[in-house]
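Below you'll find the structure, written out as structure tokens, and then a few comments.
Per-chain numbering from 1; labels A, B, C and D assigned in written order.
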Amino acid sequence: MNEANPDFTIREIGKRRVPSPLSQTVFCDDRRRVLFRHFTDDYDLGAGPEGIPTSLEAAGPRETIFFDPPNVTAAVVTCGGLCPGINDVIRSVVMQLYYRYGVTRIEGIPFGFQGLIPRYGHEIVQLTPEVVKDIHSLGGSILASSRGNQDIGEIVDTLSARGINLLFCIGGDGTMRATERITGEITRRKRTASVIGIPKTIDNDLNLIDRTFGFETAISEAVKVVQCAHVEATGAPMGVGLIKIMGRQSGHIAVSTALAENDVNFVLIPEIPFSLDGKDGFLAVLEHRMRTRRHAVILVAEGAGQEFFGEKRHRGRDASGNIRLFDIGLFLKERIERHFKERNLDLNLKYFDPSYIIRSVPASANDSIYCEILGQYAVHAGMAGKTGMVVGLFNNEFVHLPIDAVTVRKKVDPAGSLWMRVLEATGQPASMR
Amino acid sequence: MNEANPDFTIREIGKRRVPSPLSQTVFCDDRRRVLFRHFTDDYDLGAGPEGIPTSLEAAGPRETIFFDPPNVTAAVVTCGGLCPGINDVIRSVVMQLYYRYGVTRIEGIPFGFQGLIPRYGHEIVQLTPEVVKDIHSLGGSILASSRGNQDIGEIVDTLSARGINLLFCIGGDGTMRATERITGEITRRKRTASVIGIPKTIDNDLNLIDRTFGFETAISEAVKVVQCAHVEATGAPMGVGLIKIMGRQSGHIAVSTALAENDVNFVLIPEIPFSLDGKDGFLAVLEHRMRTRRHAVILVAEGAGQEFFGEKRHRGRDASGNIRLFDIGLFLKERIERHFKERNLDLNLKYFDPSYIIRSVPASANDSIYCEILGQYAVHAGMAGKTGMVVGLFNNEFVHLPIDAVTVRKKVDPAGSLWMRVLEATGQPASMR
Amino acid sequence: MNEANPDFTIREIGKRRVPSPLSQTVFCDDRRRVLFRHFTDDYDLGAGPEGIPTSLEAAGPRETIFFDPPNVTAAVVTCGGLCPGINDVIRSVVMQLYYRYGVTRIEGIPFGFQGLIPRYGHEIVQLTPEVVKDIHSLGGSILASSRGNQDIGEIVDTLSARGINLLFCIGGDGTMRATERITGEITRRKRTASVIGIPKTIDNDLNLIDRTFGFETAISEAVKVVQCAHVEATGAPMGVGLIKIMGRQSGHIAVSTALAENDVNFVLIPEIPFSLDGKDGFLAVLEHRMRTRRHAVILVAEGAGQEFFGEKRHRGRDASGNIRLFDIGLFLKERIERHFKERNLDLNLKYFDPSYIIRSVPASANDSIYCEILGQYAVHAGMAGKTGMVVGLFNNEFVHLPIDAVTVRKKVDPAGSLWMRVLEATGQPASMR
Amino acid sequence: MNEANPDFTIREIGKRRVPSPLSQTVFCDDRRRVLFRHFTDDYDLGAGPEGIPTSLEAAGPRETIFFDPPNVTAAVVTCGGLCPGINDVIRSVVMQLYYRYGVTRIEGIPFGFQGLIPRYGHEIVQLTPEVVKDIHSLGGSILASSRGNQDIGEIVDTLSARGINLLFCIGGDGTMRATERITGEITRRKRTASVIGIPKTIDNDLNLIDRTFGFETAISEAVKVVQCAHVEATGAPMGVGLIKIMGRQSGHIAVSTALAENDVNFVLIPEIPFSLDGKDGFLAVLEHRMRTRRHAVILVAEGAGQEFFGEKRHRGRDASGNIRLFDIGLFLKERIERHFKERNLDLNLKYFDPSYIIRSVPASANDSIYCEILGQYAVHAGMAGKTGMVVGLFNNEFVHLPIDAVTVRKKVDPAGSLWMRVLEATGQPASMR
């Protein structure tokens, strides 16, 4: 391969240079290089500067493992909101345990952590290859899910009582925090049981994780909604399609949707504050567009613009411990309609709130493959005796991460190239303040 | 983030070790680490051992560039077989040139390199944002494509005559080789023109490139065909669904499809030779399955089993210079039917040849985003005066690669974890020889 | 054919009879017959008893027609809400006029009747085969639409000024009433111009018309939403999926959706009043189901339950002259949640309002064919000099109908077999009062 | 309703008449009327002229029935090729018998009539609501199917031995003929058992039946293939997309597909013979198109052009008793390629044979509803003691038909309006002989 060019030098047609006309751009130094190897066998790297690790533990099957398969009783629990691919992960965990490791006692915990609290009376089910073989064609979770904190002691009591020594928890932030506490309680009790997290958030905003399962499927579905909104916006005089989409703390879904379907004109996300009023505010910018172009499609992440609700924000948390969000979608709808009414401009605003339609579909082929691998690596880690960790994809390699490493949010960087591409694709101003 | 645990150590529940029951597995050393940073600012790394580079040039917009936008006449040409996403790439190149760099003269070369040879009489079209804005919703290539070598001198004559000094070539192996020769001829003539390749192969088998555009879309479509084949196989006594799928030199499409849709029972790919006859041969294994399970789905890559055709293989090349393949699909169909007939077993074999249906659909949302970014990076590279190179995704980062670096094929490793997962998912024997 | 059995007698295995166990059924007399021929050449049938006609004028191309094609200036206008298939109808009208009748002056009126009122300043476009050839792949209306009454005199002024003598109006009730008035005004002015209506309502509730275009597509889309609602309802403890669907005055969409996707447990439509409270009321029935089955999917037509809003109902009409409906969806959501809260039952209600997503998709293949034929018959009628009429499918034959014949609503018969099938499919009680 | 206009007279703008410019048209007499009522209570109509019945027995639930539900053992068998909707019909029959009539013994016969012949050893399954409730989401037949004649005596022996007295046969021509013979044998043996046929042919060519189930779904799928063929045809120099589609004796699928997706340029069906050679033959017409338009999409029904195979046609029948067809698709492919090669014209022909992909998908929403009703009416007829009959939709009403009435084929009329619309949509000449 390329012997004459061992460092893969790129040719150039000349040395002259003019300034780039690009604005709003994060430029790339011409000498920047991407390392070819990103594995290392130098096992004692230790931590890098500023607490950033120099490396992460690679995931994969270990040649020697901790558990004797006949002694394992595994369990799977799914928590929090639905997300495409949960059933694929369940299926993969069961298939891998059963056929590859020979673990045949696998319990399905129904309705999230509620299923481990006896007083709810939910019935735990046995998971076998026969039970799970076709579930990847269904949306949702065959185990069903729930939100809300349950008593960690009671959970560990149930695990002990049933002899469960390998627990897979599929869920989001709150679930991962509970997983951490369950791990701690097990350690405190000196029980020999492993707890493996498989992080789930349709928002794709987990720190250190390339992408979360279900995200690509969600984008595919969101794109269809944008197409409908565009049809509605262009199908009536002064038509506006306003779509509220998932994204509590980050705008990744909104951003990727806008990049995939270029009929979006405004993307509003939690990371980029904006003003409504004032001459550079969103309403003025929208008015200008409507006066000149006569139609618009607006995509707003549910967590955007929470600052408009001021002190009232402190109104508590939902069963999962998430801060209750104000409904920015209906708020914007009302404010936009009022703004145009005050200016005697007839507006045809159509409001879309498709989150439940997006998150409950079966996983796409690509997500399905991804979920299968995630489940397999989770099983490898658990059988090897790892605990209190999650599996994730990092720079295209599957790795093990401590649970607390992923509960930090990955945000859209307002100065990064992703957001720059959104500004380009939509034509919206860099600032609406 | 995780200050108490700067090297991201993973906890374990104990130190005892038993051998893993996994067979056919590439084990992962427990101390293997994935590097956290994969960029480097150490610009003088040079080549690594064995001609493997230590790093690759990062793609991205340069702060100073070679071309004055008003002096640029760009052109786009698409060659070889169709693939989902070509139109997305064309669209992205045009949008990026036009709106971001201010390049307004962009020519669309019709029917591949034929369009640059005057005697074919194809009419070159002007590409503007208006022309390309909705083309991502169409399959195929709006410029159309062609196969076959054209005279490099004539091509460069036409480029000169039209003043084209920035050429984007979207195509496969043959196209990339031609692109290299065009670059060479331009250099020889001391013309100032840049040639940028955007590699296209639905087979996803380009060396050093994480995935090729259109591949994920192809898997989604192939999965639907497998579902049909499974319905047919289970819908008749002794039903067999036999699917020939793309994959001339590699089995990536077959492999990913089988992993995404677990109703496939046999995957036959070019990388894994197999015998038909003999007690461990494919026909015997299939017969055993049919006698016990009564149905089967077989997925065969078009390049598999070419060794059965022996010397006859030397029967020339197609217009693109690809070796003509024998039709392994029809061959297998005939051999399977004959095998069962000789044993007086009624077989209901349904044959599927869906390649043209798979490759001509529009790109999925995720592929669409990928194509858009590819096009943008190609433009950045071209405007910076790079030439004789391709853009690609390597370990999740976009990089510049010399053209000849990607014309080597990426194969499915018969001993790697990807193929192991296929063996698991299908249950087929590791060897059928 | 069947010479031995000229009256197509059906055999029976015996004469004994027991009562049918079916309840809630409209029985069919065993001697009831369906006429074989439903055309007639007996042209003087006149009216039947009770004002019901004995026959309707058959649609189709006439051998001699009224208009000389070179003298025709046609126009197409689309009014009211969007509906799958509008573009297919536009396309068909244009293609038929242009290629078959040789009418080349075809104007596209933008934004409904607004486009015929000069002060709105909308620009009328020329429709040619080139313009319309691919529009059937788009949702919505390429001409865009509007609601609201416009001055009939001004409309006819514009028609006269532009020389339009063949106008096709695609729209709903309000549009058909306006079409009737335009016809009257043209007649009063003794102008020679034909006005043909093509009735559009996604609700499929036009009197005398088998099915309206777009309805089947809408059902396909609504089915997907029901599947999502079922996934959500079964994916959480005490899950309820509540879907508000189109159907202002009739429940056809809700009914057909429930029949196509049997996971619906309650269908609430305008034709079947119900109580909320009381021991047989909807809330009590729902509570019973939730206590026993733990999940439910509810499909409510937007026009259902308007009686709950009492006198307040008189709150005016929208721009199309439709009575403003109270939002039964949000009302039910609030009442259901309150009911369960009062009983200390945790409920997970997910609310779906998918109307804009359903109505803005492109037509399905079958609807597309239907729209094409509708457009062709409309052109045949117009060229023959018919006016003040609509084309429609009646008992599988295309017919001409006076406009006022179709402005009566077709309701779901609470005692008919269609509704009986819904009761069966859902298991809901025949009465919830 | 319309009291002032009791006969629904259509207004006209004037009496002058010019000849219609339409060619190739079946004109409609302006006085032709469609009867308003198509039911009759005049029960003694007898046969009409020429053996055509004046009326057909209406389907529906009878108030008194023949069978006591507790005494019924029902069975369902599915025969012949797969078709979208079979599972919907099975599901409907089971649900209707079980929940509405209280028949709880329902047997599922596997692999068609083979399942009633003991020596095949197939295991008969019990069908319950639990078994069938989700099967409408699957393509194919959960009972599986088979082709081929089985001994009628043995079949009736098995029915007797198992006490089956109500048999539902879902299948095509051959199946209906077998159903007739089974009915005869039961009668001869003086057993009290009813046999009801539910006709299945994806080709939509049953005499007297408006449309067969699965047909609309098939069109939807075929349209997607045409879109791919169009992409391929326009994506290469001199591109031809050649699609072989279902249609043994009639061209309904090809015709409806061409009408739904107007990118088809040639439709070749069994009803319209054509020549290959000669100056007006298909090859000359195609050559002309390719020289002028440079691309073409050809849709050929599998039964078209069988006359080219001359005497050789007599080569026997398949297991279902269908005459073996020559492969017109591959034949045309070879002849077209040879024709252009002889003229030194490079052609890029892509061949599509999508039948198995089309027929094995789940039913569309609309087909699903239709199948449900068909199954319900079949049960009503059977419980009423009807036998030797099929249920079908005739002029929008469900009727009972003697089995032999539907085994005659419904052809596309070369002089009818359906075919005229195809000529229009494709632009192909009325005759290519």
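Before moving on, here are some points about what is shown:
Note that in this section a residue touches a chain if its C-beta (ideal position, glycine included) is under 8 Å from a C-beta of that chain, and two chains touch if they have at least 3 such contacts.
Because the structure is predicted, anything quoted here is derived from the model rather than measured.
By the document's definition of touch, chain B and chain D have no common neighbour. Here the chain-to-chain distance from chain A to chain D, counted in touching steps, is 2.
At the far end from chain A, in terms of centres built from Cα atoms, lies D.
Rounded to a whole number, the gap between the C-alpha centres of chain A and chain C is 40 angstrom. Chain B and chain C have CA centres that are 47 Å apart.
Inter-chain centre distance (chain C to chain D, centres taken as mean C-alpha positions): 27 Å. Multi-chain contact residues of chain D, defined as those touching 2 or more other chains: none present. Working note: touching chain pairs come out as A-B, A-C, B-D, C-D.
Chain C meets chain A in the complex at residues 82, 111, 114, 120, 122, 138-141, 144-146, 224-225, 227-229, 231-232, 234-237, 239, 241, 350-354, 356-357, 360-361. Note for the complex: chain B touches chain A at residues 1-3, 5-14, 16-22, 25-28, 30-43, 45-48, 51-69, 99-102, 133, 136, 183, 192-194, 207, 210, 216, 219-220, 222-223, 256-257, 259-262, 364-366, 368-369, 372-373, 376, 380, 383-389, 394-397, 399-402, 404-405, 408, 417, 421, 424-425.
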